[in-house]
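Notes follow once the structure below has been shown.
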């Protein structure tokens, strides 16, 4: 039952599987059923399940978030999709004041089995209002689970796990991951998974979220040719956070880089760094390095956008600092740049 | 020109001073001009400056945040007041997508001299939807300054500095501070101030925000009687954050507690801990301890609310851990508990 | 309305009123550590609406929810236990006054943030449609909530999808202390929503019979049009916004005359109505006594009940 | 409309159209790395409204802002430099297509998040009232934006405070690919806002003269009533939502017939109108040539201009 598919296909496949298995599951949100299908990630759903289980909405993110909560309270399992995570800021009251707390406030009488999917990541110069990620921010509010699937298998398994979860879950999907192909075992259905070591190494631990895992793997390839072995860990579920796999890794390497796809300030990287600094005290040979967005809104122009986003190059430079290496000549390396592959308009 | 006044009086005094000095300053928000005057903090403004410069609004937090931004773009200096920080979640799109970025996105052509004041902190069993603080969360978005005045002098000077600042500033005021009296020098008008050492000590650094400064001072009093000297630092301006005074203090003490008035996960405490762990690497004798809200929504009932909120007792216990002290008998101590002093209904 | 119905309605109204009078009596003792937004003057609205809608219909409300909670549950035990922050409360002491709910009786959620349960009700109505059921859903909210964008988004979506949803606007002309004229760019809420595909009706919130009648008529229209409805009910808030006192002395509004007090008090109005229909004063008095007795016992139980233990702090976060 | 005015209007319309046609021509070269939401079909709306309102009136728009930006500035240099991400762009390459502004010409802000500039315009109108000025403020937004709660909150506040604000709803019947019927719980936007204290008017967005006339009449009403106004203008979006292509083949809507194309094209409509008034074709052709020349030079400058340097990344965050 293992098939090769893209990340976007894995998302659509997972939704279809859950909708097949459970008639209370439905998928909705702006543009969900149009011909573009949220970059293809809801493909086939409206054909197979009809417009009552896969539908668009007015532009009303605040109310639609509440609608999802109300439907979840009524025993349904809504999957609410947003083509940009930035739009979730319009639903923050429902997310942080209502969705996160209804169960607790009711002493356990209520449950909110709701999934919010939102796309993060770079497009064609999207700029400051279409580039936020905010996974740490959502995790800040107790009562919300937050995941960032990286591989097609994760996209498949985590979306299915999120839909089956009786708690609210936010999944953030980096747009550049959508094209990635991988094998997907459709029987693999664990609950929302914790951090996974995606590459073993001995010299430096790189704990990553989302697209940064791909960048870290690239950095690891380059560094391997210079005799440096990175251990790359994909966090996957950032809240609730199980940091123990990272702690174990750092116990081995003594050095750690956190490569997060967000601003550093009070982001997920800060939480993980604070926990690791605590749990790995005395084990760390050097201070933890954090890598993330530059501390400004995202600019649109090419050269500045390239400086804004974290990359394999930054990881390599941080490794050099941690290991006191000379600067590696990277001029012959080719790094991820969807400049070539990724074209506009959106 | 130094006068003794309460924190609430200092806030009203500061607003009146700025409104006197600058006709573009106005104060607005729900309930701002009613007879309760936001716990007294807008007292006298409507009488002195009239309803065109001090007025209430419909219940429309999203639009009113945008209105403040639009007025600021037009050369006015609005002060937008919220009786609870939780309501800012309704304005998050304007705050994080617009207010924070307009200047940057316009290449410096626009400026948004806007102040948002919001009350945080405990009332009479307010519960999960009236207890958030979120200063780290606001600081997460580059382009927003965030301050938490603790003393009446800070309330006065920081509100005046915020109004004079040409950037957007969010000030969060703990409600229990409102009754605190102190001397206020009305000539003291620095820009938004950084961390200040409010009590010198040699054994453990306690870096605090807002009400936790009061709790830390209490803990310091108790511990002083047991021969322990806390150095207490009030951060005041959490974003942009200047951590150097804390770094210097930790260089001396080698031990640090961060006592924040928020959840830990990706909150301000995480950011400060991550920075200190980095900059104080090798200097720290023990891992940094973080103290904040319990990782659940805020419950209303007395015993659970008391467990939810961080306190001097938790600071004392953390100090014991850091210094390997035996547990101090606190049964004869009396701690802050507004149970006695603070009565309902709101 | 047959005799039994009349007495049942009188009992519910009385239960709400006496429960809140008991809160007023005991609140100063500081055992109820929770902000209370009392319903006095507003009781007839949920009583009337809940009387008309089928039992078990999903309902949503605000922090001013005592009347709605008691109209649906008549359970003063869990009510007072919650106000006292006890484990036996409906939310184990985590809800307090502002977040009462009772899903087993249809009360799905109430909220301290104005307007936030309105879209939840839309979601519940969507769930009805999703399951091809036609049980109506009702959401109660204040006039101030109609200024929040989420009300308009919810109204639009409910109308677009022809949901079986009753919006009940409880209009006391105040948002805390701010009068309607300072907040509204329209002259009446029913007129403001007039451009949407929904049915509307109005009623006097002091008159239980009128509320029942208006709700019935509106619900018939909703069924006929297969569109949502908005019931606008004006009422007089006798007390301060939050807390147990009167606040006419603060000057933002006029104290009512004695005659106005009588006219705007739904309990006085309804008992006069029953008496005029030939109900016997003794019948009503018997209910009063029985209700007081129930409340007194509930308060006693709440007082002596246990607080949640420390472990409860971390419970009920995840399923 | 005197002769000079007619030619000026023609020039502005043409400038917008040819600038966007130039974008369509060059976009595939990937030098303009920014998502473009083209105005083709919609140009007459900002041209007409800006023609009527006093010069320098504060204006706000959306990501679909090329027409508004060029109508106000006629500055293709800074426009193309921005689309090319160059230091000489209006936002030093940080704005891109979706965030154009030019405060010196009254264009205060545009935004990529639907609806978000509407309350900003209310704030600007409040600032006018605050200063006892009566300069009108205008905000342009799509029909989809009228579904966002913030539109209703803004409308309510503007009406409550009698602000001098013109809401301009540019209605193409689409939000990306979603038709109006799937999004609206009302039959028309003017009817939906009918319960608010604001003046309304409608116009055909393909007809510049009609837009000018409707705006004039509405503005007179606004001045007479001292209330805000809402101008509803329907137009045909010729291209895909974002990007440079047509997308009729995708099947979510019908391709227009040739006659429909001519009827819904504001430039064709306006030039026919001018010709029928006796303008000479050569006059118009001279403008076309001059405009093309301007655009060509601007694109050349934009291409050879410098990108911002690395330090610019950290600039413009704080004042």
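Going by the order they are written in, the chains are A, B, C and D; count residues from 1 in each one.
The rule we apply is simple: a contact is a pair of C-beta atoms (placed from the backbone, for glycine too) under 8 Å apart; a residue touches a chain by one contact, two chains touch by 3 or more.
Everything numeric here is computed off the predicted structure, so don't read it as measured data.
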Give me the chains shared as neighbours by chain B and chain C. A, D
Rounded to the nearest Å, the gap between Cα centres of chain A and chain D is 36
Whole-angstrom distance, CA centroid of chain C to CA centroid of chain D, is 46
Centroid of chain B to centroid of chain D, CA atoms only: how many Å? 42
How far is the middle of chain A from the middle of chain B, if each middle is the mean of its Cα atoms, in Å? 31
Counting only residues that touch at least 2 other chains, which ones in chain C make the list? 89, 92-95, 99, 111, 113, 147-150, 153, 156-157, 160, 182-184, 317
If you look at chain B, which of its residues touch at least two other chains? 57-58, 60, 62-63, 86, 90, 93, 97-98, 104-105, 127-129, 142-143, 295-297, 299
By the document's touch definition, which label belongs to this structure's chain graph: line, ring, star, complete, or other? complete
Within their complex, state which residues of chain A touch chain B. 62, 86, 89-90, 92-93, 95-98, 100-101, 104-105, 127-129, 132, 134, 136-137, 139-143, 239, 241, 263-271, 273-274, 277-279, 281, 284, 286-288, 290, 295-297, 299
Chain A - residues contacting chain C, complex: 26, 52, 57-58, 60, 62-76, 78, 93-94, 97-98, 102-111, 113, 142-143, 165-167
In the complex, chain C touches chain B at residues 27, 30, 32-36, 85-86, 89, 92-96, 98-99, 111-115, 144-145, 147-149, 175-178, 182-184, 242-244, 250-252, 307-308, 310, 312-314, 317
If you look only at chain C, which of its residues touch chain D in the complex? 147-153, 155-161, 182-188, 191-198
What does chain A use to touch chain D in their complex? 30-31, 34-36, 56-63, 86-87, 90, 123-130, 294-297, 299-305, 307-308, 339, 343-346
